[in-house]
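Across the two complexes that follow, subunit A remains constant while its partner is subunit B and subsequently subunit C.
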Partner chain A sequence: MPKLYYILFLLIASFHLQAQPDLNKERLAEFKILTEQRVNDLQEYITQIGNKSLPIEQRQIAIDLAVDLFEKDYEVNGKRRSPYIQVSRRNGMVEAIPVRAYFNNLLGVKFDKVEITYYDAAAVSDFEKGTDGNYHATATYFQQFKGFDNSGKMIYGSRDRKDIRVTGKSMAVYKNLGKEDLKIFFGDVTVRETIPIKGY
Partner chain B sequence: MRLLLIVLWAIGSSLVGLGQSVSEIAPSVVADTLNTKEFSQKLVRNESKPYMMWQVKHVSEFIARFNHEALPGGKKFTDSSRMEYPRDMYLRRLFNEDDVRFKRTRLGLSSLYSQQVDEFINTVTTHDIKISSQSPIEAVSKLRVIHHHLTDTLVVKLRKYYTADSASYWQIVQVKRPQVLRDSQSAACDGLEKQQDLPPNSHEVNFLPLLRGLSDYRSFCPFMNSDSRLNKDWQCTEAALRNGTLHIESVVSTTIYIPIGTEWQLELNEFLYEKENSGWLISNLIQLAHK
Partner chain C sequence: MRRSSLLVLLILIASSTIAQTFHAILIADTKDPVLGASCERDLAEMSARITDIAQKINYQYHEVICSNEQFGNAGLSKALSEINCSPEDIVFFYYTGHGLNTLERSSSFPLLYLKDNNDTELESIHLQLKAKKPKFCLTLGDCCNNLYSDTRSLRPVPPLFKGIGVTDDATIIKKLFLETEGDIIISSAGRGEKATAHPNLGSFYTYSWMEALTNAESNNQAITWETFLSDAENRLQVALKEFPDTIKHHSHWSVGYKKAPSIDPSTIKPVVSYDEINKFLNFLANERIPFTERNSIRVHKQPIYFSPAATVDIYINSPEKPVERQPVDQFLKRIISTAKLIDQFNFVEKMSELSEDGKYRHLTLQEVR
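Showing the complex of A and B:
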């Protein structure tokens, strides 16, 4: 009888191994679409955070929701680190700060009114497999930012390109079906000014 | 008997998973996102400008365009679009058009570089040369560092490696010490460091995962190829990083190198302009025999 259980155990193990294959191209294409939707979510949150006409509580909730889209802090050498956002301006200024600090800065901008414009859908690169078993891609989108004073005069404006490192983490989302799938998280972001907007 | 039934049920569950098609799973995956109607606040979205489509946004996109496999925006070529964008013309658009070497002399002559580019495009088109998806790409990243209140640049060379199960990662192969580091201190990895492979797309975000990693570990060891650790420049930089006198602030720029056959190497840099000829473009064509 124990031999029978041993054989059955091996059978189950082999089925589970087959049920967790590398993701095929069609499935990765689906995750490209999901990434585009996640970028839309992020853009919604950024618009909320920058909208000074909204109550501060609502804008702070938007920060929490935006931060939730990013990889959770991980511990290395006893330190907790979150993804970085590196902002590069055409005047040579380069600054790398943690994600939450970046959104808090946006919450505290000195302008009386902020206007953010996006352009169509994000361009998402093909997903590549990493040695950690996760799949990695890059999502890119363009954003126009304008800041106005209380008289409606534009005092700052720029058009930026944002590149977001996207990680598809292997997770047993459909565990009840014995199916491995991916969960999308954002990682490090580069924000690069493509052009300062005239008029300020 | 009960145990036997449980075991048979488990096998059945595994089979359900195997039979599930992408289309059956995908809608629920896609639905796992924000309900934007509840949260929407005047998000303004304009139509993309032509340069946003044409800009080569990722190195993988550069490779797809070099191989004449994808149109701007990632769409696959059709027979008619192939006619509209013949490969030689498409390849030429991957070179930085503002390179002064493309300007003709007063006598209307083209430069040696310009002739070299013509020859290269002709060779690639005639022999249908393509870049492999597992091409041994290299990158040179310049990091802004501060040592005793002095700012300088640290140059790090990385190489993309591929494993047998089609995964890939970046690893440092060379460190060039900043000039502000005058002391020749030595350092060594103790061999116990856990290897940290940098994600395959780190180059698309200026190697920020490396920047964070160097800040976490205060050492190059987890990110370095073991063959590269004997280098004096690395030892000196490693010692300064460990004793806390060297601070790495940001990544200033990244240059990519892609081999084309055995004779050529492409140098790519990012040109962020608001025009169609922008993004990852060829900034130099290197003939390896003359390198």
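Showing the complex of A and C:
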């Protein structure tokens, strides 16, 4: 009897893995375009959240939209945890902050004025199917951060190259419609390189 | 007896073929040093488009082109004289070139600027063609309508490529061209306005008009001339949004229906027409309008147009294969927040769903960036 349960379990598990769609190159290319668009959206949200001259309502909406791009949580070593965003500090350390806290911190940042710009086009790698049955890619963007005091003097500036872990998961909502498709989520954002702006 | 029946049948077939002709007079100022290349492009695109329409509605196509050396008074008169209509015929007159208006005239439609004559009224050509008593007479003038003899502007910014393909489905074309009886006259610019063109890509209004037609063919379930022309106008404004207000122009038209395209009475009537949805979405994505203004329109219109749990499918290449589904609230907030990244929306009416109360509970659309 236990053997039968075991076989049943294996059958269900293998069905679950096979249930993930095998997407053709053209379809994966469309999801790559979508991912590039959502990375551009994220960059725009970050710029707006940090811009103290914009209405607070606009900045709050940008936070909600930015958070919606990320997975709620995901499994690491058998435990579920929220995605984080790494930031580089003035002392050269890198700190990981949960997604919503990162955006809330940016909203209340202590500089009188903040300018966040992007100095190179974001790039997304091709999606590849992982052993978990999901599709994975990495998006890279190049962010320049400048903080100013109330006299307009720049008191901190850095340039970061950041990677976003991107996951394409099969979504039941499309399956119900007979459409096997992916839903794109962002995961952890990692600082790969920090280039200080000279003098800061 | 049998032979005479056959003869009658052949005469009937022959007369029904002759009775159904789509006449097109296409006038283009292809030799103009400024507009020539743009008019050349307009002419080629419009000719191909109208040929396709005639084929789709099974009409014989009779085309008279007036360009190069024929672009003058004699050429126009000859073209008009070549049109002999039967009651089931359709007549289309298209002009692309320079135009003007004068303070003395009260008409809101322009004068055409032919090589040897600049006092030919678009409206009077329309009346001459209408007097030939076709089933449907459509006149379109894509030219300046300003109050002095200035040249039509060439703009450096290209119109956008929207990525919608021509479909084989003739339902919408049949509604517009077969079910309509009466006449319509269209001008690409209002009284006092200058029209715009791009040297390689053609006139902005002609481009928008054809784009609206292609989009409606692919995406619509129902259509009227008013919604179609409003959508072409919306698209013109999207194409011109980068320009200062002083050089924007607005199309206008006059419709004289004897019979309008039918609407299936069994379908739920939407609270808002497809062109209004396109206009609403493109307004929200116009970064030149302040965020607070766009957001307040969003808050006001969202509950009028959409059910509370409405969803939006966004596609890149094919409406049947969306890449993302979003709740409508999240979608609308997103487009006002990322307006500067978005060029345009194409709403797919026939893949969208209405609730019983006529509000949209599901939208399918293309977001062009």
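Note that the second predicted complex is superposed on the first by the 155 of 200 C-alpha atoms of A that agree within 3 Å, B and C clash if a C-alpha of one lies under 4 Å from a C-alpha of the other, contacts with A are read in each partner's own complex, and residues count from 1 in each chain.
Basically, contacts are C-beta pairs under 8 Å (C-beta built on N, C-alpha and C of every residue); 3 or more make two chains touch, one makes a residue touch a chain.
What you see is a predicted model, and the numbers here were worked out from it, not measured in a lab.
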A:196 touches, of subunit B and subunit C: first, second, both or neither? neither
Which of subunit B and subunit C A:157 touches, first, second, both or neither: neither
Partner chain in contact with A:41 - subunit B first, subunit C second, else both or neither: both
Subunit A: partner with more touched residues, subunit B or subunit C: B
Contacts of A:64 with subunit B and subunit C, given as first, second, both or neither: second
Which superposed partner A:55 touches (first subunit B, second subunit C, both, neither): second
Subunit B versus subunit C as contact partner of A:118, first or second or both or neither: first
Partner chain(s) touched by A:27 [first = subunit B, second = subunit C, both, neither]: both
Touching both subunit B and subunit C, residues of subunit A: 27, 30-31, 33-34, 37, 40-41, 44, 48, 54, 65, 173-174, 179, 181
Subunit A-facing residues of subunit C, complex: 291-292, 295, 316-317, 321-325, 330, 333-334, 336-338, 340-341, 367, 369
Complex contact set, residues of subunit B against subunit A: 3-4, 7, 10-11, 13-18, 20, 22, 25-26, 29-30, 32-34, 36, 39-49, 52, 57-58, 60-61, 73-74, 144, 163, 165-169, 197, 199-202, 204-206, 208-209, 211-213, 215-217, 249-252, 272-274
Residue ranges of subunit A in contact with subunit B within the complex: 5, 8-9, 11-12, 15-16, 18-19, 22, 24, 26-27, 30-31, 33-34, 37-38, 40-41, 43-44, 47-48, 51, 54, 65, 76-77, 79, 81, 83-84, 86, 94-96, 115-120, 123, 125-126, 128-134, 136-138, 140, 142, 159, 161, 163-165, 167, 173-174, 176-179, 181, 187-190, 192-195
Residues of subunit A defined as touching subunit C within the complex: 27, 30-31, 33-34, 37, 40-41, 44-45, 48, 54-55, 57-58, 61-62, 64-65, 68, 171, 173-174, 179, 181, 183-184
